[in-house]
Every structure is written in structure tokens, then in C-alpha cells.
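Each of the next two complexes has chain A plus one more chain, namely chain B in the first and chain C in the second.
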Partner chain A sequence: MAVLARASAAELADRLAALPELPAAETLRAPETGLVMVRGRAGGDGDAFNLGEMTVTRCAIRLGAHIGHAYVAGRDNAKARMAALLDAALQDGLLHDALMRAVVEPLAAAQQEARALEARKAAATRVDFFTMATMR
Partner chain B sequence: MTRLTPGFAAPVLDAQASFRVILEAMSRPGRLQRIEARITPPAPLCTAAAAALLSLADADTPLWLDAGEAVAEWLRFHCGAPITQEISAARFALACGTAPSLEALDVGTDEDPQLGATLILQVAGLVASEGWRLTGPGIQHEHRLRVHGAPAEFTAAWARNHTLFPRGVDVLLCAGDSIAALPRSVTIAEG
Partner chain C sequence: MYVAVKGGEKATSAAHAWLDETRRGDTALPELSVAQIEQQMALAVDRVMAEGSCHDRFLAALAIKQAKGDLIEAAFLLRAYRTTLPRFGASAPLETSRMRLRRRISATYKDLPGGQVLGPTFDYTHRLLDFALAAEGRDAPATPEAPTDMTGVPRVTEILAREGLMQREALNESEPGDLTREPLSFPASRPVRLQNLARGDEGFLLALGYSTQRGYGNAHPFVGEIRVGHIGVEITPPELGFAIDIGDIGITECQMVNQFKGSRTEPAQFTRGYGLVFGHGERRAMSMALVDRGLRARELGEEADAPAQQEEFVLYHSDNIEATGFVEHLKLPHYVDFQSELENLRTIRRAAEVELREAAE
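Take a look at the complex of A and B:
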């Protein structure tokens, strides 16, 4: 779900278009946008505080016997619907492996790659204060 | 696993329209109103009772019901209302089978009479222009209402509820897509 929620709407649409037809879906809860309070803790163990509110769109879709839920950041209704549809399809034992190979794993790999690139860029400008303090 | 069905087709507009219908029912006690929204609630819930709960219940209103696990799951999903086993703690009570006694419900306090619970009573049928004679605020002369499948001794219990005013319990009678309200201010005489 995290992979689907992080993927862009265009990526999800591309992957869905390449898939064989999914069974008929029924919308249980049409995409709706709301706010959730994001809470944080200073240093990971301080007192909880409210960091701020974040726009979230949620959707629930039933595909056969399975119910897919999606909570995605932002206001993209189409993306929430696609993520919920995929979440429901992934619960289906027959579809699960094929979907993991066709959708989730490539997206996860792309996200991992983007994150590593970002980390490399950041690492190139890192200053090691310990080294500086001991330099002559 | 039960098959969850959708709630309102257009959540905002349908909830507003249903709220308006319930308001109309409450302001003209005993007058039949019709819920327009098309929903397919799980059995044994009827359209009117389902629409009333979807419009009124939310995360702040504990709900008591006797309609079984499928209905409880449906309402939890669509309203987010916490389901309580303790009928005295409920803001809304849904009765599809044997109605609980009105005395078991929260009647609010003299300072906060609005905290009184609302009983949503699903009955076999509602017919206007015969049966009970209703009088009270919102009624010019009298309204007639026949309730098929009303609980035994309901009018006696209602008379006791009425004497608590401003405290008390309000009742929404639902049958199919028809709804009629009995706010605590109304007086019922057997017709």
C-alpha cells in the first residue's frame, strides 16, 4: 500500500492499462478528500505534538469478496481510486503474484532508485564536523 | 465474510436531502415523509432507517442496535459510529426486532435535554389518517398515525416519556422508505 500511495497517478494508470481486465468493481466509498492531523515527537521520544494538517484522499472499493482501501496524500481522486482497486486485487490469491510482479515491484524499485539518487546527492555535500574539529 | 454494500450514492447531497426529510418529519410529528435516496442496506435494515443513521450518526454518537453483525459492520464502515452494548450509553438506538423499553434509553438532563437518545424503530408499516391521535407542537388540530407492529404498551410508555419533558427520548418510526417522527413533545391518544 505504501508503494501504491507513493506512486504518481500517471505511473499507476500506465501499470493498470498494461494489465489484463480486472473483475467488475463496486465503489463502497467514493473518493473523498479530508484533513488528517500529522503528529510528531521531537527526537522520536519527546512529547507528542501536532505538526500540522495534511490533505488526504481516501477510497474503498469492493472487488468480488475483497475490499480495497486507499489513503493517499493530496487531492487526486483518480489516484485514490486506482490505489484502492489495486489494493483489492492484491488480496485475491490468484492475482496477487502477477500484480506484485507487474505493478508493485517495479514501482518499489523505481521509488528505491529515486530515494538512493536523492541520498547520493545529499551525501556529496555532507560535511563531517568530527573531521573538521581534528584537522590541523 | 459479509458483503459490504455501498452507502449513499452521493454522500453529501443524499445526506443533506435525508436530513431535510427527517427535520420535516420531526417538525410535523406523525406526518409520513418519504426518503428519496436509493440505498441498499444489509437486511434487516430498511431504507428509511439506513438513511436516517447515515445522515445523523457519526464518530461522536455511540450507537446501540439489535440488527446483527452485518448491519453493525455496514454502519461502522459508513458512519464511523462506535457500536455500544450498553443501551443507556447510546445516542442512537436502532431496533429492528423487539423494541427496547424507552426507560432504558438516556433521557438527557434538565440542563442538557438535547442529550436525550433517539430511538430508530423499524416497524412493519405506517399508515396516515387512522389509528393514534397525535397532538402537540407542530400539529394544528391532530395528526393520525397507525403503526403496524408497534411495541406492546407503547402508548403507556410514551405517556411516561412525555411527562419527563424537557428530558425524554425521541422516536423515528421507519418502514420501507417511509419515516414518521415522534418528538418527545407529542401526546399520543389511542384512536
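Take a look at the complex of A and C:
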């Protein structure tokens, strides 16, 4: 879900379109947008406090014997639906490995590369201190 | 006193039509898209999310467009929108020690594990207007990259706490108070104070934080650490019963290190002021940390006579949506109120005139 939640709706749609058709799905809970209260901790590691809310969209889909749930940041209904559909399909032993290879792993790799790029840019701004030698 | 008055519909709708026209500006110029505001006015978006107390970059950008760039009006729009949505629950508290860092600096240690990482900052720029930006169509130069190992970036406060020089934070896993559900009451708990400050007006927090530095509150703060970056948010939906990661948000954290001269029960040590805000907002996080420390004066047994240490004063006046509502309501018709004031004044004047005449006779 961490990988699906970070993918865009367009990325999920592209990956799904390239797959053989999934079995018929039934919508248990249509996409619905709401709020999650994000919490922090006083001093970073003390008592929890309410920092502020964020928008989240949830959806539940049944695919055969499996129920897929999605909770994804933002207000994109189509994305929540695709994430729930994939969550259900991934629980199907016959589909799991193929879906991991075709959808989850490539998305995870792209997300990892984006993070690595950001980390390399941050590293380039790390300060190297040097001390002036006293002249004598 | 308020009296329902009818009329003015035509004037109001004409005024709003003109507002729409002025929002668009010169139609010979291309219209700004919400995506452009989200990408290119990113810090305005961050401020509106923080003060609107709702993390959604698209909604904040839309609010800025609708408000013609008035950021308090935009935060107001975002707050109003959030009341239309159901609450699904609360996240697990963010473990900011695990955030992905774009920036991490400390003013207390030069050489510290993880190093000083500047990130995309205005610091050390010359603050000269860059007229090259007025020429459109130029691409930004490529950002340098360097091999990285961003693991092992301990908190500065933890380094001091291990030596016993930094007061540990209280940690009881009780449900924190929530200002969106219960009104403020006093004395307010630290979690409620932090929620209030996190969504407080940046200008108000800045001025109060500044006042503590200038002698109104006897603070001598150091920036132990500022962290800017992204972090995954985890929730545990009841139907699943286990935690899932729902995506990333941007945050800024400031740990302000302050002297504490000790008390009968505690030795002299450092204490923390804490700031945590949505998006990239260092001024905001630092100001919040200064005011948080100011408001801890009473629990630490310090004198609490400066404005930034007055809990009721600070917490009742920090919210710019409430403040602007009360200040701006003065524009609304007060005709009946004013009539009674006018009548009152005339009565006093008449009485005074009669007295004067009688004295003269």
C-alpha cells in the first residue's frame, strides 16, 4: 500500500492497462474523501499532539474471495479505486507474483530512484568545514 | 445587536462579479493554473496548509487563486472546506527521526553525525533582486549531486539527553486534546498548546518569538536542530487492524535548546522549545519553538510575566481566522448599535447643556 499510495493515478492506470483483464470487481465502498488528523510528538519524542489534518481518500473493492482496501493521501477517487482493486488482486495467490512484477516492483523502483536523487542533491549541499591553520 | 436587514442583493452580486474580473486581471495575459501556483508558489501553499490546518497542496493552491493571493483569506477557505469532510481517524505520531531529509542544520554543533545539510535555502543568498527571473523561458541550472549516505542522522536533543544535559520530554500515551473538537480551556496542556501554535498566524508567532529574544521572557535560545523533508503518514483503519502507510507529507521541525537554571527537584539542564509545521516553514517552526518554550515557563517554575509566557493571551489571539473574523466583522452593518450610541451621546450632551444653563442663571 505504501508504494500504491505514492503512485499517481496516471501511473496506476498505465500499469493496469498493460495487464490482462482482472476478474470482475464489486465496489463495496465507493471512493470517499475525508480527513486524517496527523499527530506529532512534543519535542519529537514526547507526548502526542494534533498537528493538523490531511485529506485522504478511501475505497473498498471485492474481487472474488478477496477484499481490497485503500487509504491514500489526497482527493483522487480514481487512484483510490485502482489502489483498492490492486490490493484485492494482490491477495489472490494466482495473481500475486505477476502483479508484483508488473505493477508494484517497477513503481517501487521509480519511487526509490526519486528518493535517491533527492538524497544526492541534499548530499551536494552538505558543508565541509575546514579550519584555517594559524600562521607562524 | 444584529437585526436582519434585506436588500442589497443586486449590489452584492455586482460586487462579486467585479471581484471575479479583478481576480483574472488583464485578460491579455495567460491565466494562472492551480498547478502552477502549487509548484511555483510552493511556500505560500505551505503557509496556507499550516494556517488552514489541512495538508492538501492542490486545495491550498486553489484557495490562493480564489483569494487573489490573500493568504489569510485562503487559509479561511481551506478551514471552511475541511468542515465538510468526515474524519476517518488519527495517524500514528510522526517519528521525525525517520524523516527523509532535504535539509538539516544545527547551530549548536559544527561537526555532528549526519553533518550540516543546507538543502534548498534562502540562507546565504545576497537578497538582491534577480532580474534574470523577469525573463521567462529560462530553465533552472542543473542541481549538483553527490554520493550520499543519509542514514545515521541522530537528533541533537538526543545527543544531549544521553549525557543527561537535556530534559527528557514527558511521555504518557494518553489521547491528546483536540481544538477542532473541544474549545480551549485553561490551563491548557502542552499538546493543546502545540496544536494551537502549529496553526497559528505566522506573523503573530514571529513577533512573540522575537519578543522573547529581546528581553520579554528571558530566553537565550539556540537552534539545536532544524529538519526539513518528507515523512510517511501511518494510520490503522479499524477494518484492517494493522498500520498502513497512506503517503508522504512535507514537514519542518525545529528543536530550540534553552537554558534552565534548575529547581528544587531538577538539576540545571537544557530544555526544549518545539516547532513542527506542515511544508517548508523554518521561520514558522522556529517561532513556534520559541513561543512553546515561553509557554512552558510556569511548569518549569519560572517567572511568567512576559506576553509570550501568558497562555491565555497567546492561545486566544494566535488564530488568524478567528482574529480576522472578529476584526473584519466591524465592517458589517452596526446601524442599530450605532443609533443607540448616538442617542446616548445626545442625551449626555443635552443634560450637560441644561446644567450649564442653570449654573449661568
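The working rule: the second predicted complex is superposed on the first by the 124 of 136 C-alpha atoms of A that agree within 3 Å, B and C clash if a C-alpha of one lies under 4 Å from a C-alpha of the other, contacts with A are read in each partner's own complex, and residues count from 1 in each chain.
Note that in this section a contact is a pair of C-beta atoms (placed from the backbone, for glycine too) under 8 Å apart; a residue touches a chain by one contact, two chains touch by 3 or more.
Note that the structure is predicted; figures quoted are calculated from it, not measured.
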item	value
Chain A as common anchor, with chain B and chain C clashing or fitting	fit
Partner contacting more residues of chain A (chain B vs chain C)	C
Which of chain B and chain C A:53 touches, first, second, both or neither	second
Touched partner set for A:86, first chain B, second chain C, both or neither	neither
Contacts of A:104 with chain B and chain C, given as first, second, both or neither	neither
Contacts of A:95 with chain B and chain C, given as first, second, both or neither	neither
Contacts of A:62 with chain B and chain C, given as first, second, both or neither	first
Distance of closest approach, chain C and chain B, by C-alpha atoms in Å	6
Residues on chain A lying within both footprints (that of chain B and that of chain C)	32, 60
Of all residues in chain C, those that touch chain A in their complex	49-50, 53-56, 58-59, 82, 85-97, 100-103, 110-111, 115-120, 143-150, 155, 157-158, 168-174, 176-180, 190-192, 194-195, 198-199, 232-233, 235, 237, 239-240, 244-249, 253, 255, 272, 274, 276-278
Partner chain A, residues of chain B touching it in the complex	1, 3-7, 11, 77-78
Residue ranges of chain A touching chain C (in the complex, touch as defined)	1-2, 5-6, 32-56, 58, 60, 69, 71-75, 115-127, 129
Chain A - residues contacting chain B, complex	26-30, 32, 60, 62, 65, 67
